[in-house]
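What follows is a pair of complexes built around chain A, which joins chain B in one and chain C in the other.
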Partner chain A sequence: MMKKPGSAAVALLAPVHLLLLAAIALPSLYVFWMSLNESTYGADPVFVGWRNYEVVLTDPYFWRAALNTFVVTNVVVYLEVAMGLGLALLFTSGLPFRKLMFAAVLMPYAVSEVVGVLAWKILMDPNYGVIGRTLADLGWGMNWSASPVQGLVLVSIISIWQHLPFTFLLLYAGLLSIPRAVYEAANIDGAGPVRTFCHVTLPLLVPTLLIVVIFRLIFAIRMFSEVWLLTKGGPARLTEVLSVYLYEGAFRNGEFGTAAATGWLMVVSSILVASFYLWQMQKRIASGNA
Partner chain B sequence: MKITRRSALALAGSAVGAAAATRAAAQDGKEVTLTILSHKVHEIVARGLAPGTTGGDIAGEWAKRNNVKLVWITADIDPMHDRLLRELTLRSTAIDLAFVINKYATPRMSRLLEPLAPWNQKEPIEDFKGIPPNLIASTTYNNSLFAIPFRHATTGLHYNQAIFKERGLSAPPGTPDEVIDYARKLTFTRADGTKVNGLTVPAGAGPFAVLSMLNMFGAELMDQKLNVKVNSPEMIKALRTVHELYKEGVLPSNYATLSIDEVITSVQTGQAAMVFDPFARYTIYNDPKKSKYAGQIKVIPIPADPASGRKIVAMTEIWSMVIPKNSTHKELAWSLIRDLSSPANTIRAALNGNGPIRPAAYNDPRLKEKLPYTQQEQIAISQATTIPSSYDASGQVNMIFMEESQAAVLGLKTPEEAVASMQKRIVPLVKR
Partner chain C sequence: MPKALRQLLRAFAVLVVFCWSAGPILFVVSSSFKRQLDIFAYPPKVVFQPTFDHYVALWHQWDAFLPTLWNSVIASVGATVLAVGVSFLGGYVYSRYSGKLLAISAVYMIAIRLLPPIVVTLPLFPVVDYLGLSDTLTVLILLYASFWVSMCTMIIKTFIDEIPTELDEAAFVDGATHLQTITRVILPLSLQGMMAAAIFVFVYSWNEYLFALIFTTQNAKTAPLVISEVMDAIYGTDWGVLFAGVTIQLVPVVALVVLGQRLLVAGLTAGAVKG
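Let's turn to the complex of A and B:
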C-alpha cells in the first residue's frame, strides 16, 4: 500500500501542480467557456449554451473529419508500433554499424515537422518529385492531390516516418530493461525465438507498449501539419482531419465558439481512447504485473 | 464591447498622447520603431529589393527622413491576415501598419481599423483624386474610409513563346476557344520524359486564379451588388471544360494542390506552356537567374468570349494599407501611407514591380521602357473586376467555392451538382 504524502512533500510538489494548473487547466477551462459562447474577432462573446456543440455534431464535415482522423490515427499508431517494435528487436539482437543505423533511424525526429512534410511533398510530386516521378514511370504513380484515399495514405506514411523514432526509442528502452536472466531461463527451458518473443518479451513489454500507444494515439488525434501542408484538407475537403476542421473554423471563418467546441470534443475523445489503455495499465499495476 | 463616453474619451486621450509621444520621440532624435505586417511582395516593391528594378528604396528613404526604424513582418496571405485579425482584437498591438487584401477587408475587420478620412483631411494624400473612386469605394464601409489602396494584382494570360514555336503556334490565343485549343496542342511529353502541361493555374492557392480562368467563359461567383451568380450556364460550361482539360492531362495532375511557387517553377522550367497569373509575375518568369526561358514568357490580357461583346476579361485583387485602431504610432503610420501613396512614389513602386493603383502611372515613360508588360496590364486593369468582399462571411464563401469547384474539376461531382450546391450554400452567407 502506498504511503500518504506528508505536508512537506505536498509543499514541494505544489509549485509543479500550480504550474500545470496555470498552463493547462485554466486555458482548457477558458476554451470550454468559449465553447459555450458565440465568439468572433472584435465582438464580445454571446452566451449560447450547448448550441455550438449541436452545430458541430450536426455538421457532416465534422463527422467526415472525425472518420478520417479515426482511420488515419489507427493506421498510423498500430503500423508505427509494429515497425518500431521490429526495429527495436533488430537493434537488441545485434546489428552491424549499430551507431550509424541508430543515427539513421533517429534522423526524422531531428528534422523540423514543417521541413519534413514539405520535403515529402516535393519528393512525391508526380511531375518532378524523385519518388513520385519514379513511381509514375514504373506505373505505380500516386495522384495524392486528387485522390482522397491516396492523400490520406501519404499523410499516414509521412506521420509514421516522422514519429517512428519516438516509438522506437521507447520500445528499445523497454526491451533493454527486460532482465537477461529471464531469457537465459527461457533458453534453458528450450524455448525457440518465437516462443521466447510471445511468452517472455511481449508480456514484459506490455507496460511500455501501453505507454507508447497512449502517447501516439493522443499525438495522432491532434495531427495537423501533415495534412495542412500536404493537401490543406482537399481535394474538396475530403482529407480534412479534426484539427484542420478546427483550424479552418477558428482562423479562416473566425468562429471561435464552434472551434472551441470541436477542441473540447477532441479532448473528450482523447480521454476516452486513453482511458481504456490507462485502465489496462492500472489493472496490471494492481496485479503486480507492471 | 460597450463604448461609453468615458471609455471613448479615455481612448481618444490615450491615442492623442501616444501620437504626441511618438512625434516627440522622433523629433528628439530618438529612433522610433514602426512595425509593418505585410506579404513579402510589399516589402520588395516598397524597398526595391527585386534584382534589376529601378524604383529604389521608397520606404527606407522615408524612414531615414523621419528617424524611424522599419520592422517588416512578412508572411503568406492567409497566415498574415490571421495574425492581423488576432492583433486587432488585443487591447493594444505592436503592428503599426498592415497591408490587407480585398477578400479579407470585410466589414468585421473594418470595425477594428482606424478611420482614415479624418487623417486624410488633416494631412491629405497628394492628388487623392488620382486614385480611382471605385477602389476607394471598396475600402469604405458605412461612409468610413478604413484603407488606402496600394497595389493591384490583375490576372493575365502568360505564355511561353518558345514552346509555342516548338508546337507550331505563331501567335497567342485571341478567344477562349483558342485558349483551350492551344492548351491541348501545347500538351506533350518531351523525348526525355518531361511532361509539358498546356495550361496551369495556382488552383490550390485560393479562388482568385481559378475564378479568373472561369471568368473567360463569362462565369462569375457574384456580381458587384452581391447577387450570387454561380448557378449559371456559363459556370457549368466553364467547369465542364476545365474538367475535360484535367481529364485529358492538359492541366497538371496535382491541380487541386498547386501552389503559387509550384506554378512559378513549372513555368520557369518549361513544364507549363500557359498560365493564368497576375501580370506582375512577368518579372519572375523572365528572371535570367531562375528561368530557363528568360525573355520568352509573354503576357496578354485574358481574351473574352466574342459573344459577350467584350474583348478581354480581367479580375483583380487589391491590397490596401491600414492602421490598427489599437496601435500606438498612428501618426507615423499615416505619414508612411501618404508617402507610399504619392503619385511619384506610385510610379517608383511600379518600377519595383508593383501593380500601380493610379492609372496615370502607366503613362510614365520609364515604366513603358523598363517594364513593357505594364502596357498590357493597363488594358486589363481598365476592365478588371474584384471578387466582392463587403460581407463578413467572405472567407467561408471562398472555401465553399474552392471545395465545390475542385469537386467538379476532379470529377467528384457533376458541374450541375457543384454549382447548385454552391448557390444554395453561398446565398445565405452573403445575406447574413
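Let's turn to the complex of A and C:
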C-alpha cells in the first residue's frame, strides 16, 4: 500500500533536497549566468552575452583539452569494461584463492587518487621505478613527463586501475543475476562456451553493460586529479583535459566567465550522455518497480 | 585445450590480476618499512629487514601531517553522519509514498548528481568566502554529503523496501506516532542499508582531492591534499617518511573496504542498478 505524500513526507524529504539545491542545483544554474558575464577577482561582473563561449570555442587549448578528454574517456571506459568483464567471467568460472582475490580486486577502490598517482608515478619512473626500468631494459622506455601521448597513457592506466573495482562489481553482479537454467538450456542444446557467451551471456548482460558504460563515461568526463597530479596539464598544456582547462582558467588566471562557459559545456555533454540512462530509469520508475 | 594447460593459464591470470590490483598498494606499504637505500633497489627487494624508522621520523619531523589526518577524520565522519542521516529520512519517503511529483523528484535527484563537481566550485567559491566558510571543515562536510545524498537515499530506499509495510501499519494500530514508527520500527531494520551507504560516503570523503584543493588553504587541509603537496616538492622529498604517512592514510580505509565488501556490493547494486 503506497500513500500519497503529505506534509510529513515533505518535511522528511526537505533536508536531502535542500542540500542538493544549495550545493549542486542552484550553483549549476548560476554557472550559466556566470558564463554570460565577464568576471575576475575584485571586479564587478559585466554582461557580455555569448562572448565567453566565442572565446572558449576559438581557443586551441580548449580543443586540445576536449580532444584529450574524448580520447582518454573512450579508451579508459571501453578498456575498463572489457577488463571488468574478463575479470567477472574469471570469478564466475571459479578461481583459486577466491576470497583473497576478491579482496585484492576491490582494494584500489579504497585508495585516494593522490596515492594512486603517487604509486604509479614511482613504479613507472624510467630511472628508478620497477616497471619503468623493466620496460626500459626491454627497449620500451617510457618518458611520460616529456611525451604528451605517454603522459596520457599513464593517466589512462591509473584511471583504469582506480575504477576497475566499480566496473567489475557491477558486471559481476549482472553475470550472477543471469538464471542458471538459461545456461543449462544452452548446454542441452549443445552450445560450446564461446557460443554460449556470444548468444546467451552477452545479450542478457546488455542492460548492465549500458549502465556501466554510461556511468563510467559520465565519471570519466570530469577526470581531474589523475591529470592534475601527474602532469599538471603539461608539457606545454598538451595533456590538459576539460576539468584541468577549467581549473587553470578559473583558479590560476581568475577568468571566471570563460571557465563558467567551459563548465557549462561540460554540463551539457554530461547531460547528453546521462539523458539516455535517465530515460531508461524513468521508464522503470513509471512502471512502478524502481 | 588440455586440462593442465588450462589450469596453468588460470593460475597465471590470477597472478596477473593480483599484481595489478594489490601490487601498487603493497609497494607503498612495504616501502614504508624499508631502509631508504632499499626503497628504490633494482631489482626490488621482496625480502628485507623491516625498519620503523620512517614512522618515528614521521612522528618527530613531519608533525604537520597528523593534524591533517585528524581533519580527514572529522570531515569524513561528519559527511558520513550528515549524508546517511538525511538520506535515511529521504529513503523512507521514497520507499513508503508514491506519486508523480515524487517520481519526478527521484529522477531529478539522480540527474543532478551526475553533474561534474568542478562546475559547482565556480559559483560556490565566492559564496563560501562571503559566508566565512573558506578553509573550514564545514564546507567540505556539506559538499561531500551533498554529492552523496542521492546515491545514499537510493541505497537506503532499496533496503527499506524489503521491510514489510505490515510492520508500519501494526505500529500505527498500536498507537505509535509517525515519528515513533520511523525511529522504533524502520530505523533498526534499515541499519544494514545505512551502513552500506556509509561506506561509500566515508571512502569518498576520506580520499577526496578536488574540493579540498579548492576550498582549503591551511587550517582545514586534509591528508590527501598534504600528501600531494609533499610528493610535488621537487627537492628533498623524504620518500620513506612520505610512504609511512601514505600507509597510515591508506591502510584503515583499505581494511574498511575489504571487511565491508558484502555491504559494498549490496549497496552498489541497490544504488546504481535498481536505483
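The rule is simple: the second predicted complex is superposed on the first by the 249 of 290 C-alpha atoms of A that agree within 3 Å, B and C clash if a C-alpha of one lies under 4 Å from a C-alpha of the other, contacts with A are read in each partner's own complex, and residues count from 1 in each chain.
Everything below uses one rule, namely that a contact is a pair of C-beta atoms (placed from the backbone, for glycine too) under 8 Å apart; a residue touches a chain by one contact, two chains touch by 3 or more.
All values derive from a computational prediction rather than experimental measurement.
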With the two structures laid over each other on chain A, which partner does A:Gly263 touch: chain B (first), chain C (second), both, or neither? second
Could you let me know whether more residues of chain A are touched by chain B or by chain C? C
Once the structures are superposed on A, label A:Val48 by its partner contacts, choosing first (chain B), second (chain C), both or neither. neither
Contacts for A:Lys4 in the overlay, against chain B (first) and chain C (second): which applies, first, second, both or neither? second
Please indicate which partner A:Phe102 is in contact with in the superposed arrangement: first for chain B, second for chain C, both, or neither. second
Considering only touches as defined above, state whether A:Ile218 meets chain B (first), chain C (second), both or neither. second
Contact-wise, after the overlay, does A:Tyr128 reach chain B, chain C, both or neither (first, second, both, neither)? both
Is A:Phe251 in contact with chain B, with chain C, with both, or with neither (first, second, both, neither)? both
Looking at A:Ala191 after the superposition, I want to know if it touches chain B, chain C, both of them or none. Which is it: first, second, both, neither? neither
First (chain B), second (chain C), both or neither: which does A:Ser145 touch? first
If you lay the two complexes on top of each other, which residues of chain A touch chain B in one and chain C in the other? 128, 251
The chain A residues in contact with chain B across the complex are 40-44, 125-128, 137, 143, 145-146, 230-232, 234-238, 248, 251-254
For the complex, give me every residue of chain B touching chain A. 1, 78, 82, 85-86, 88-89, 108-109, 111-112, 193, 195, 204, 252-258, 262, 265-266, 269, 271, 392-393, 395-396, 399, 402-404, 406-407, 410, 412-413
Mind listing the chain C positions that touch chain A in their complex? 10-11, 13-14, 17-18, 20-25, 27-28, 40, 42-44, 85-87, 89-90, 92-93, 96-99, 101-103, 105-107, 109-125, 142-143, 145-147, 149-150, 153, 165, 169, 178, 182, 203, 206-210, 214, 224-225, 227-228, 231-232, 242, 246, 249-250, 253-254, 256-258, 261, 264-265, 268-269, 272-275
Under the definition above, what is the set of chain A residues touching chain C in their complex? 1-5, 8-9, 12-13, 15-17, 19-20, 22-25, 27-28, 30-31, 34, 87, 90, 95-97, 101-116, 118-123, 128, 130, 133, 161, 164-166, 169-170, 173-174, 208, 211, 215, 218, 221-222, 224-225, 229, 243, 246-247, 250-251, 256, 259-260, 263-264, 266-267, 270-271, 274, 278, 281-282, 285-286, 288, 290
